[in-house]
């Protein structure tokens, strides 16, 4: 119930955002519209908590932007210079994330960071296979992900 | 002031995109190319779109720009994941200086089920043998 | 620029035709798509082109206050594009069906209806 | 395709794309967009869902065969063209408009219903085509 | 130099060059996957070109196109991946069928 | 008269539905129709004799000037009486001859149709309605010849006859229409006063040649005569009625009828003379080599028709008189001979003249009829045949040029015709009855009475020529615009050269009959020359033509789609370049073009490269991807050139197309064989020509001034009248909303089609149920 | 409401199609609806025809936008006649389909598509807008694609690939022509274009545009050397489909040629010469093609091509008489060709084959039916006074008057070969002894059908035979109609005035 309600609100906001018209009537219209769409598409979906996450969310976004920029520069340097300093490979990263949303978000964030690419998640959801450009030390690489992205993400989502 | 901001942001964006393009061209294997591009471009697109938002300075434009960025952040990694995964199925070789491949042999040949590596039995082969 | 676009249109027609003359059904359809795009581009070009002024009346006025692109060719092309989409999808499915019943996508092997007099 | 990542993403993209498609539909009379593009985007939303979750799930979602949308949309478009003939003895497809525009959507008239009809037809058509192919793939 | 001119004379050319570079990869390939990624990338860069173009001609309308591109560009990637996976399966099945007798 | 003609058609139709009642004994009742008509026409004899022409006019299709104008004059009277009179006898004969035949009703229906058409033909004054009936006689002849339709020979003969008379019919149509155009009327009677004007027209020869084509084919003139012997496959009543007495004379009738309109010109006379002469001699000569009764009669009929043509060609007063008389004479004796043949055939089951003899012992009435006819045929007095022959010689002898030669020819022909008469009418009845024929059934009344009547009539008219002189023969001359006052038919003219010729003919005929015995080996001998005969030559030509047709058809319809496309494009490019080369001044107005920018150039470059890539790649998927790139570049162009709606639609549709391709492609095999180098070069040339043409065309058009009235109207009224600001969308849903309505229907149809194409699996039982 | 009568035949077909789509799987409902609907459609077309005949050319501006800004629908006598004929053929084929099309096909939207096809035809005949004409053409070709592939057998697919490609090519050429025309004149309304085109200075370009139209429509009307798609495909679909194709599809191409070349591009000697050459070669190729075929429906296919030559010849000679001849032939041909393909379908139901070699004995087994069939056969040949004969009078006189002796020869040649071909056909199919064909399992032979189904197959044939008899014996009224049409066509000003009344 709560979940659906929240999605509904979220979609209403998206509607208002993309229409770019902020009258009250537009909120109502968007709400009705989202309600209809949710009705059409509803199938069971996991629950999530929606409070106490705002501060964490902000710091997470900042962290992500920092990582993004850093990694981008690293890759950029490698691209511009004639020789490659890469040590690429596919690493098996065990997961703490459990739900679909957690896993997906984590995987996507890893992919968005330059130098790493989430290739796939094992069918039992225990392992994420990541292709990475710079693997100087495998364990360290795994820990970086687990302590960095995964930990912060799970804090927000759980 | 806004002009300067636009110029800086768009220049940064353009440079990131150019770098991504160069990287895409230069990288030695498919996975690296996927890896390099998804993000550099995401960043570049984001920056340029933001400069557009600043230029028009209009709420509806801004919200649209944010929507675009959101969509790209949402979809780009998924696409990268899909095509990377598909390449692996197809047996696209990794760069010969690659240091490891922990995914090797983990995909089931026909069902494309992916093993976590904890249980090394190959169900599929077993099934095959039982059938014969 | 019109000059180059005219050449471009010609290239689309030529390439489309060349693809239609191949033996593969898939190439044939790609050729159809190309030539269709060529026709659309031709309508667009011959309706005369205008840069950066879409035929959309600004929010603040009831009529156009500055120059605008001719909307008619655009509407025609839109119709043509959508119709071509219908035809194309049908054609693509035809490939599938053809492969199923004729067991090939080689056009040279699809001539029994002409052969048996 | 069996991938959690795509499946999860598509579940979130579906409503967003649908909303967006309606947005594109409704503003078509004033800004770029309209029934065609709207309908195409809506169908793309479902196609994406089908890629990620398999056709069965998507069909379950829809609750009826997409082909049914075609006559529905055609009827809507047809009736909006016929309205002026039946009630006002005006030519087929003559636009009828309500006096005052309403917020968000703008003027309400037969042209709008027509465009909605187009949207529905395009959605029905695209889904029918793609679902049929996938099923017999 | 105005912002518009800067974008027109500096940024657009850079983006154009990037597009060309990406296209080179599209032509070179060598794998289908490379081409698919190149296609995706071309569209994404296309979004930026449209964005810059909308500034240059002061037409925010064009951003709507960018919006649509952003939304559905990755669908072709999905489709191609689907294709590759399916074809691979079909091929393997055929090989299996051939081996059996 | 219209009613008289229609009766035949109406009864034929009636028979089609109620035929089962007339298959048995009642069938004799059908003879009452021609009999009634015969009496009907007889009642006009006084009118005709007193030079009154009976006319009747009925509007039909005035737009074409086609009216049912009927005109009963001497010529028409002669033919009408022949048609109905001989018709009565043939109808009666048939009811016995084909007794118990399952399709007797159909046979009568055809005969009725024929009779009615033939009546219409001779009575029509309008040349188009004459043509209509003319065609109907050909058609009924087709059905009658093919009456024994399970026999392949019958079918082939029917087709040949139809083909030959069909050609003639079409030539006739053309000739008639041209004649009508020249004369300004289709009424033959109205053309007569215009004959000089017509002869002076530049197209006189064309019109006459076409009409000759019609007459020669219908009346079996050399070299189109061959269908007639083939037509003998038809049951004997048909041979009697159509192929000797009436239908074959339609061509003669036409020539006769048109003599006052077209005759008297050198082209007319010479052609007819030559054709007639060749025909009569050729056919008469051929009678020597036939052993089949019907075969001999067929050739002698052709010879007679040749004589008629020849006489009309002479065109003199005497010749026309002779022709008129000979028509009657020939009809009487030839019909008798055919009916006799039928009786013999039915009784003995053979028509082989080498076998038949002594039949007088078993079928005396038939023998009498045969001998009467043979006498008339040979021109022995006091038969009417003598009168006919007399008139022929009179006309040849009195002809100004080469009288001797023409007379000689006539004599030779008549000798051979006389021979044919002896062989068919006398030989089967005299001598010893072969063993096995003793028990031949005595012919029933309806079989022997009709020939006897005809045979006797031949003598009655011969002995009392006044019976026909005023009522029939004189009016014939009148109807072709000649003065009949000089005509005095009588048997005895005194000892004249003509009498000498007659005696010569009769005796030479007898001589030939006694010296020359028709045998199989002689028939075989002449068969050897068959390959030089017109029939064979034309048949070989027909075969050759069919082969050529086959070749031509296969060359064009060769099954290769790419060839079809090439031909179409080459045709288009050829035509367009022809025009462009001739008419256009090349002017490209660069100044009006917009500036080049780098992003446009790059987009263009990418587009061209992706096209090239799509064309040359060996991977199907890469081609699809390249097509996608191409589409996306076009999308960018739409953005650059102010078409956001287009850009959006193009983009979404391209993506969807890629998806569709992908869903279909993975099941397909790899690209197979490539075409060879030569083909590729050829295709490249065609493609470049096509593309180049489009480019030139585009540039030329761009140099033309623009008319913006319509787009201005849309722009001005889009918001004010149609309440929308996106003008493109307003056009789509309002100004040109109908386009869109249709367009979504197109989409819906495509979807239904796809659905059906993939979901509908016919079971094997349904597969062939078209 | 009667003000809108012009569009009613059109709207009615659209309504039918939509309603039939709703009735998707209920094939019996569809059968009844299609036949009843076709009757109503015929009545509406008849009313329109009558109105045009009495009151002259009717126009409607769709959407209320006056010409040349909106889309104009125009019913002059030609259009009204063709709409009427479409409805006549439509009714016949609708009934024929309901008996002869197997349920499997009916379950996949056969009737809906069929009425869409009729919609497209009627729309094409009525529209006064060149782009709108393109759109109607598209609806025609897509529905014909669907009908031709419905069931998707091997032969069908092979035929369809060619049919599809070449018709698509035709559409593209048509579209190209529209592009050039719009670029030159800036208008799409045909009446407006008729005013604008003569003012264009660059006549060369106008001529090129004309050629593009000629080739585009030429492909659709299957003239030499553009007809290849027709013999490759027309014998593959079910007979009912072939009937509507054979009767109407190529004719809509001919109609477009007539419309465009009497309204937009007139007085062009070169084009007229091209028409003459094309017509001659079409008559020739079609006739000799028919001569060598062994399949009844292929024979008819080639005869379609051949007889298109008559109409094109009439157009090429471009005199009132010649055009009247072409129009008369068009009217006759629609009825007769539809009927012939239905007859071939009936024969297929009776015998289970359409191969001439394996047919025979029909005359013996079905004498009355054979008699019935002779009428369309003879009409086709042009045995006077049946329908095919009359137009030849106009054509021959016209070719004589314009001194096109080659055309005259070709007309005679084609008529002769038609005669020979049909005589051969008659002899083989009707006269020859029946060939023992193996009885097919599960094949619904004609004699096994219920009486209702039999009637549904026979009545349309009787109906069309009646119509062709009327055309033959009532040739006066048809000729008057044709002359009136030709007069209207030769005087384009009346069309222009009807669409854009001078104010």
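Think of it as A, B, C, D, E, F and G in the order they're written, each chain with its own count starting at 1.
Heads up, the rule we're going with is that contacts are C-beta pairs under 8 Å (C-beta built on N, C-alpha and C of every residue); 3 or more make two chains touch, one makes a residue touch a chain.
Molecules present, by chain and UniProt name: A = Na+/H+ antiporter subunit E; B = Monovalent cation/H(+) antiporter subunit G; C = Na+/H+ antiporter subunit C; D = Na+/H+ antiporter subunit B; E = Cation:proton antiporter; F = Monovalent cation/H+ antiporter subunit A; G = Proton-conducting transporter membrane subunit.
What you are looking at is a predicted structure, and each value in this text was computed from that prediction instead of being measured.
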**Q.** Interchain contact steps from chain E (Cation:proton antiporter) to chain G (minimum; 1 if touching)
**A.** 2
Q: Would you mind naming the chains that touch chain C (Na+/H+ antiporter subunit C) and likewise touch chain F?
A: D, E, G
Q: Count the C-beta pairs in contact for C-D and for A-D, then report the pair with the higher count.
A: A-D
Q: Averaged over CA atoms, how far is the centre of chain E (Cation:proton antiporter) from the centre of chain F? Could you give it in whole Å?
A: 69
Q) Just how far, in Å, is the C-alpha centre of chain G from the one of chain B? A) 57
Q.
Distance between chain B and chain C (Na+/H+ antiporter subunit C) based on Cα centroids, please, to the nearest Å.
A. 32
Q) At what distance in angstrom does the C-alpha mean of chain G lie from that of chain D (Na+/H+ antiporter subunit B)? A) 36
Q. Residues of chain D (Na+/H+ antiporter subunit B) that touch two or more other chains: which are they?
A. 1-3, 5-6, 9, 16, 20, 24, 30-33, 36-37, 41, 44, 47, 67, 70-71, 74, 78, 92-93, 95, 122, 125, 129, 132-133, 136-137
Q) Among the residues of chain F, which are close enough to touch at least two other chains? A) 550, 553, 557, 559, 561, 565, 597, 601, 640, 644-645, 647-649, 652-653, 655-656, 659-660, 663-665, 667, 694, 698, 701-702, 706, 708, 710-711, 714, 725-726, 728, 732, 734-741, 743, 745-755, 757-759
Q | Multi-partner residues of chain A (Na+/H+ antiporter subunit E) (at least 2 other chains) | A | 14, 18-19, 21, 107-108, 118, 120-121, 123, 125
**Q.** In contact (per the touch rule at the top): chain pairs
**A.** A-B, A-D, B-D, B-E, C-D, C-E, C-F, C-G, D-E, D-F, D-G, E-F, F-G
Q) Which residues, counting only chain C (Na+/H+ antiporter subunit C), touch chain D (Na+/H+ antiporter subunit B) once they are in their complex? A) 54, 56, 78, 82, 86, 89, 93, 96
Q: Over in the complex, which chain A (Na+/H+ antiporter subunit E) residues touch chain B? Could you list them?
A: 14, 17-22, 68-69, 71-72, 75-76, 78-80, 84, 86-92, 107-127, 129, 131-133, 135, 138
**Q.** Of chain F, residues touching chain D (Na+/H+ antiporter subunit B) in the complex
**A.** 644-645, 647-649, 652-653, 655-656, 659-660, 663-664, 667, 722-726, 728-730, 732-734, 737-738, 740-741, 744-745, 747-748, 750-752, 754-755, 758-759
Q. Which residues of chain E (Cation:proton antiporter) touch chain D (Na+/H+ antiporter subunit B) in their complex?
A. 61, 64-65, 67-68, 71-72, 75, 78-79, 81-82, 85-86
Q: Give every residue of chain D (Na+/H+ antiporter subunit B) touching chain E (Cation:proton antiporter) within the complex, in rising order.
A: 1, 6, 17, 20, 24, 31-33, 37, 41, 44, 47-48, 51-52, 137
